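For reference, the structures are reproduced in the following blocks.
Shared between the two complexes below is chain A, which pairs with chain B and chain C, respectively.
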Partner chain A sequence: MSDMDSDRRQFIGRSSALVAGLTLAPGMMLYDLAHGRPVGEPASSKVRWGMLIDTTKCESGCDECVKACNKENGLPGGTGPTDEQWIRKVQLTDLKTGKKTSLPMMCQHCAEPPCVDVCPTGASFKRVDGIVLVDRHLCIGCRYCMMACPYKARSFVHEPLHDQKPDVPRGKGTVESCTLCVQRVDRGETTACAEACEKAGHKAILFGDLNDPDSEISKRIRQVASIRLRDDLGLDTGLHYEGL
Partner chain B sequence: MRLILALALFFAAFSAHADVTIPHLDIGQGGHCVNDPKFMRMNHGDLLKHQRTITVHQGIRGGRYSLERCVNCHASKKNNSVLGTNQNFCQGCHVYAAVKIDCFECHSSRPESTAELESDKHE
Partner chain C sequence: MDTLVRKQKELRNFYLLVVFGLMVAMTGMGAAHYMEEHGHIVTGMNNQVVWGMPHVFAIFMIVAASGVLNIASIGSVFGKKPYKARGPLSGLLSIALLAGGLTVLMLDLGRPERVIVAATHINTTSVFGWNVFLYSGLFSLVAVYLWTMLEARMNPWTKPVGLLVFAWRITLTTGTGLIFAFLVARQAYGTAMLPPMFIVMSFSWGLAVLYIVQAAMYGWNRMSLNPHVLRRFRNLLGLFILSVAYLVAVYHMTNLYFARNSAFEHFILIEGGIYPLLFWGGYFFLGTLIPLVLIYSPNLGKHCHVLLASLLVVVGSFCFLYVFIIGGQAFPLSIFPGYEVSSTFGDGQIAYYSPSLPEILLGCGGLGVAFLITTVGVRIFEMLPHDEAAAE
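On to the complex of A and B.
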C-alpha cells in the first residue's frame, strides 16, 4: 500500500471517529449509523455483507441460530434428506487430537459463486451488495446450482407450501438457500441467526459490511486469524470462520 | 303479431345478457387505489412483473406496485385473503377471465399482520 493510500485511510478513520462523536446523549446520535438505506434506494455495490463465525464461542448442542432462521423465513424445521435447511449445525472431531468443534454451515455468499455460473436461466444471481440469491420467478427447479455448490448450502422445495411469510415468498419446484435475511438487511437490521446467537449469550456470529474498514467485522478480521472454508477453490466467500 | 315477436326477441336478448355473470368482487378495504381501477384492471400484471424485478434484484422494497400492497388492501374482511371463493379479489376476476394465477403458490395471500399471527398459531 502506498503512503498516500494509508494517509487516506487514516483520514477516513479519523473523520468517521468524528462522526461517531456527534452524540447528543447516550444512545442518541445526530447520525443513525446502523440504520438501513432510505426507502426506494437500491442496494449498493459499496457494501459487501458478510459474517465472521467464532467457532470457539459456538456451543455444541445449541441450535438457536437454526431455530431463529426457521422462524424468520417460515421453514418447517425438518432435517430429513428432502427437508429445506438454510443453516445446518455441524459437529467436527479431529481424529488425531480429539478436538471437537461446533459450527453453523450455510450459504457462504461467494464473490465468485459457482451456483450463479451454472444456472441456465439466470435465476441464481449475486446482488451488488454480495448477497447470493435465487430469483424464484426465473427458477425452473433444475437443481444444477445444488450440484455446483461445494458447501451443500441449497435445498429444493419438494412439496406445495401454504401460509408463507409475506416477506419471504417460497414455493414448490424452486431452489432456495440462506438469503442472509435479505428482508431484514434491507430494513437495516442484522440477520436472525446473529441476533439469536447474541440473545443466547454466545455472540459467535458477527454480521456486517466487509468493505467498510471501520465496521466491527472488518476490525475483527484484521485482528484475529480466520479462514474461509475451501479457500483453495478461490470463491472469495463472504463468510469467515474463526478458531478452525 | 310482429310487435309481439319483436318484444319476445327483445326480452330474450335481455335475459341472455343477464346470464353473463360479471364477478361481484369483495374488494376488501377498497378506497383509492394506486391508479385508476380501469388502468389497473388492464395493466396490473405488467406492473407487478416490473416491480418484482426491482425488488428481488435491487432490493427496493415497499414499491408502489408491490403484491404485498395489493393483498394488504384487497384481502376480504370475511376470510382475510384475496383467494378462497369466487368473490375474493384476485380469484374472482381470474376465474371469470379463465387466467391461471400462480403468484400465490409462493406469495402469501393474507395481509402481513394476520399472516404473522397464523404462522405463530402453527408453532
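On to the complex of A and C.
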C-alpha cells in the first residue's frame, strides 16, 4: 500500500471514527473525549479501562485489529515464534458442537495481574486506571512474567529494533504487551484495534470505562451474557468476551 | 627429590586445570556476549518457550548448591565425623555451584547490564525478588560457615552457623520450587508438590556432585576412600535417589488424577517425542534405575560403581530439568477449555524448541565458573577430607 493510500485511509478512518463516535456510540466516545487528560496529570483511579469483545461479530478472516495495533505501536507484524504479537486472532472450534468462533486475544489487563506479582524489579505494573504495562527501563528481561501470564499475552523483543514510534518506546531484551493504546487513551481516544474493528464494520470491540455505570461498556455488560477468560483464576480481568 | 618432581608435576597439572576452567568459562562469557549483541534470536528460545537451556543448567547448579551443603549440615549439626571432615569441601562446592548458576541466570537476561536494577528494585511480592535476597544471603552465610570450619578459633561457632545455613538453604530451595509452584496457569507447574520435590532433588544432586569432586581429589592424591565412609555415602545416595523417584511419581500421579492435566501428562510421558524419551530414558533409566542397581546390587556398590551412579544422577537431573522446564512450556496453555484452538501465536499447538550452540555454551560456561572456583579453592584451602581418625 502506498503512503498516499495509507494517509488517506488514516484520514478517512479518523474522520469516520469521529462521526461514528458522535452519532453511533455517543455515550462511549463523548465520555472518552472528556477524559483526555493534560500532560503531567496522573491517571485516575476512578476509571477502570476495559473492553467487551463480541465474538459473534468478529469475522474469522478479518485481522484489521491486528494490523491497526501493529501500525499504531510500530510493530513489524511478523508471525514467527520470536516475533512480537500484542494482539492475535484466535480461531476456536467447539469440540462438542463444532461451532466455530473467532476472537481477538491480547493482554486481559487483570486487576490482580500475575505478571505484576512475579516481576522481580517491579517493571511490570498496573496503572491506577487498570492498564497493565511494562516499564521498559526497569525490565531486566527475565521473562518470568511470560511464564506467569495465563493468556500468553506477552512478547519478548528478540532482536535489535529499528524505526520506533516516538510515543511507543520499546527496547530489545525487554518484555512487552498490549498497552491498551495508553498513548491514545491518554489523549482521550479509543484503542487502535477497537477503532479499526469499527471501521471495518464489525464493531466487535467495545472499549470504555468499567467503573462508570453509564458508559456504553458497563451498560452492555449488564445486558448481555459475557465471560472472562480463565475466570477460575480470580484475576478480575478488564476484558470481557460475549458469545463464548 | 622425587617428591619435588612430583610437586612440580602437580603444580603444572593444577595450572592446566585452571586454564581449562578459564577457557570453558570464557567461552561461556563469549557466548553470552554474542547473545547480547544479536538478541535472543540467536538462541532456540522464543515467545512460547521463554526459558531454555541456560535455565536447565542454572537451576541444576542452584539446586545442587543447596543440596551439597547437606554433608556439612550433617557434620556440624549432628556431629557425625565423616561428614564433618567434608564440611569445608561441601561449603566450597556450594559457593562454586551457586556462583556458576547465578552467572548463567544473569547472563541469560535480556538486559544483563541491568542486573543492578534487580538488586536495587526488589518487588517484595515476587519469588524472584525473594530469591535475589536468598541467594546473596546464602553466599555470605556459607562464607562465614567456611570460616568457622577452617579457622580453629572459630570452630565453636560452626554449629550455630551451620543451623542457620541449614534453615537458609531449605528456604532457598523452597523458593526455587516456588518459582514454578506459583505459575498457577500452567499445567506442568502450579502445585505445592514442587518445593518438597526440589528439596529432595537438591539432596540427591548435591551429594552426587560432592561424590564426583571427592573422587577426583582422591584420585589426584592417589588415595582411596575409606570403606566405611563409602558405605555411608552409598546408602545415603541410594536413599536420596529413591526419595526423588517417589516424589516425581507422586507429582505425575496427582497430575494424572486431575482431568484438566491428563492431556499434559499424556504429552510429557507418552506422546511428546523428545520429552518422554528424556524422561524415561534419561531421568528414569539412566538417572534412577541404573544408579540404584549400581548401588544396591550385592556384587556392585564399590567406589567406581558409586562414582558412576553419581555421574548418572547428574545426567538424569539434566534430563529431568529439560523435560520439566522446556516440556512444561512446550505444552500449550489451556485458555479455552472445550475448544480446538489455533492462532498465529502458537495457541493450541505444541511449541517447538531446539537449543542453539550459544545457549549451551553459556550453560557450560557456568559449569566452568563452578569448576574454576572449586579447583582454586581446593588448592588454597585444606579441603581434602581425611578419614583416618574420622572413620568411626
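Quick note on the criterion: the second predicted complex is superposed on the first by the 207 of 244 C-alpha atoms of A that agree within 3 Å, B and C clash if a C-alpha of one lies under 4 Å from a C-alpha of the other, contacts with A are read in each partner's own complex, and residues count from 1 in each chain.
Simple rule for what comes next: a contact is a pair of C-beta atoms (placed from the backbone, for glycine too) under 8 Å apart; a residue touches a chain by one contact, two chains touch by 3 or more.
Computed from a prediction, not measured in an experiment: that's the story for all the values here.
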{"item": "Touched partner set for A:186, first chain B, second chain C, both or neither", "value": "first"}
{"item": "Which of chain B and chain C A:133 touches, first, second, both or neither", "value": "first"}
{"item": "First (chain B), second (chain C), both or neither touched by A:121", "value": "second"}
{"item": "Contacts of A:74 with chain B and chain C, given as first, second, both or neither", "value": "first"}
{"item": "Chain A residues touched by each partner, larger count belonging to chain B or chain C", "value": "C"}
{"item": "First, second, both or neither for A:90, with chain B first and chain C second", "value": "second"}
{"item": "Partner chain in contact with A:106 - chain B first, chain C second, else both or neither", "value": "neither"}
{"item": "First (chain B), second (chain C), both or neither touched by A:210", "value": "neither"}
{"item": "Which superposed partner A:160 touches (first chain B, second chain C, both, neither)", "value": "both"}
{"item": "Partner chain in contact with A:174 - chain B first, chain C second, else both or neither", "value": "both"}
{"item": "Where chain A meets both chain C and chain B, residue numbers", "value": "160, 171-172, 174"}
{"item": "Parts of chain B lying in touch with chain A, wherever the complex brings them together", "value": "52, 54, 56-63, 68, 71, 105-108, 110-112, 115-116, 118-119, 122-123"}
{"item": "Interfacial residue positions of chain C with respect to chain A in the complex", "value": "36, 38-41, 46-48, 50-51, 109-112, 114-115, 117-118, 121-123, 125-129, 131-132, 179, 182-186, 329, 333, 335-336, 338-347, 351-352"}
{"item": "For the chain A and chain B complex, residues of the former touching the latter", "value": "39-43, 71, 74, 125, 127-129, 133, 135-137, 160-161, 163-167, 169-172, 174, 182-183, 185-187"}
{"item": "Residues on chain A engaged by chain C in the complex (per definition of touch)", "value": "79, 81-85, 88-96, 101, 105, 114, 116-123, 138-144, 146-152, 154-160, 171-175, 229-230, 233, 244"}
